[in-house]
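To keep things simple, chains are lettered A, B, C, D and E as they appear, and every chain counts its residues starting from 1.
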Amino acid sequence: MQIAQVRGTVVSTHKEPSLRGAKLLLLQFIDADGRLLPKYEVAADWIGAGVDEWVLVSRGSAARQIDGNQSRPLDALVVGIIDTVSVDNRNLYSKREQDRSSFP
Amino acid sequence: MQIAQVRGTVVSTHKEPSLRGAKLLLLQFIDADGRLLPKYEVAADWIGAGVDEWVLVSRGSAARQIDGNQSRPLDALVVGIIDTVSVDNRNLYSKREQDRSSFP
Amino acid sequence: MQIAQVRGTVVSTHKEPSLRGAKLLLLQFIDADGRLLPKYEVAADWIGAGVDEWVLVSRGSAARQIDGNQSRPLDALVVGIIDTVSVDNRNLYSKREQDRSSFP
Amino acid sequence: MQIAQVRGTVVSTHKEPSLRGAKLLLLQFIDADGRLLPKYEVAADWIGAGVDEWVLVSRGSAARQIDGNQSRPLDALVVGIIDTVSVDNRNLYSKREQDRSSFP
Amino acid sequence: MQIAQVRGTVVSTHKEPSLRGAKLLLLQFIDADGRLLPKYEVAADWIGAGVDEWVLVSRGSAARQIDGNQSRPLDALVVGIIDTVSVDNRNLYSKREQDRSSFP
């Protein structure tokens, strides 16, 4: 999986019928130092990730391994909202601190 | 999925028999700032996307998750025509504005 | 799919038994402006593409979606010989013109 | 598979239900000269790899080819802890020497 | 498939049980001009490729399309030892000449 930040949404009304009801998020990838990369993925989200949150995204056939997705033409899925990323025993990211800095 | 703009078509008469009738579009990828990238994909299209429109493209086995495609040797599919792309709560792209600027 | 030009062949006598009889072409990728890229793929070919021709190549599990290939360890397949590539309503490539320029 | 070093962990409490109990490691890729690359993967680990160890990581549908993972939306898996990497008949990496140098 | 040269081996004793007995080779990729690229893959090998030989490597689910591999978490497989690579009707590589130059 890759680490990505939710940056926005993509809306498509004229689409494959099996994709109706799918919420599509624009995710920007984050490198192992916590910086945004010039690379993104549009992924389906059923767990309710919000803008600015860090998430884990699975790509390829993994995106269809949840109930309801098996026959959808999806190649990317938000599989988790990240609480913490630890590298070399220090916190690279912590959702709680992020929230605190947002609501000082 | 990736965001791409329809740039043209590819015609092949001598091809795998299962691909007969498939419309193949040349899609150029677009980055998260809305700029064209030097990267493309030739994808099957059954939803009728037109030149210049922005579309969502699924790659890999996802391209075969629609009726009729299951046994076709396809690795890319147009899954939706994009209405809007929103990044950081502002519109990066809006099909309606695009049309308006085309027909002033 | 990607657009590629047939550049040559790869011969392997000591190989996985299921690959016996498979013709393996060396394909060099072509960008959306019609230029050769420093990127290639060795792909199986059952439709008889010849050197210099432009072809469509499918990668990944798509390469096994034709009769006889289902259990072969292949990840790339020539799925069509290209007649024309049109970008922005002009011809980027036309097999007929290519032939004409070869036999003036 | 790629060679990677375990650098840390990713914790997500709000995630796809099928991922409960999965330990997710942050792996940084290593090139063929033994140097860290600016590229990572978050992979599930059931064999107990520890920080700093070199591991083999499989990506794509391979990540779901072990008992219990078949229906999990995973696209990367730690498949082995590396003992030695030999290139041109010399040792590029040896876990034993690594340990020795850590505990002199 | 990609063309690669066998550079070495990777040994892992603590690994997924289904990988026991699998021989893992370190393969360095070769470009269409015959030069080594700074890119490698660790692939399973059941056909007995030796150091310095040029091989064809299949990646993704293709690596599991041979007897015994179906349920192994593998994403890369040596599928053939290369005899010759011909580009533009000249030999880019010939195993026989390679051997001759090794034993003059």
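Here, a contact is a pair of C-beta atoms (placed from the backbone, for glycine too) under 8 Å apart; a residue touches a chain by one contact, two chains touch by 3 or more.
Fair warning: this is a prediction, and the values are worked out from it, not measured in the lab.
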Inquiry  = Need the CA-centroid distance for the pair chain B / chain D, whole Å please.
reply    = 35
Rounded Å distance between chain D and chain E, as computed from the means of their C-alpha atoms = 22
Query = Got the chain A residues that touch at least 2 other chains?
reply = 60-61, 63-64
Task = May I ask you to sort the chain touch graph into line, ring, star, complete or other?
result = ring
Query = Quick one: ring order starting at chain B, direction chain C?
reply = B, C, E, D, A
Message = Using the touch definition from the top, list the residues of chain D that touch chain E in their complex.
response = 1-3, 31-32, 47-48, 56, 58-66, 77, 79-89, 92
Key: Touching residues (chain side chain C, partner chain E) in the complex   = 7-16, 18-19, 24, 26, 28, 38-43, 51, 60-61, 63-64, 71-76
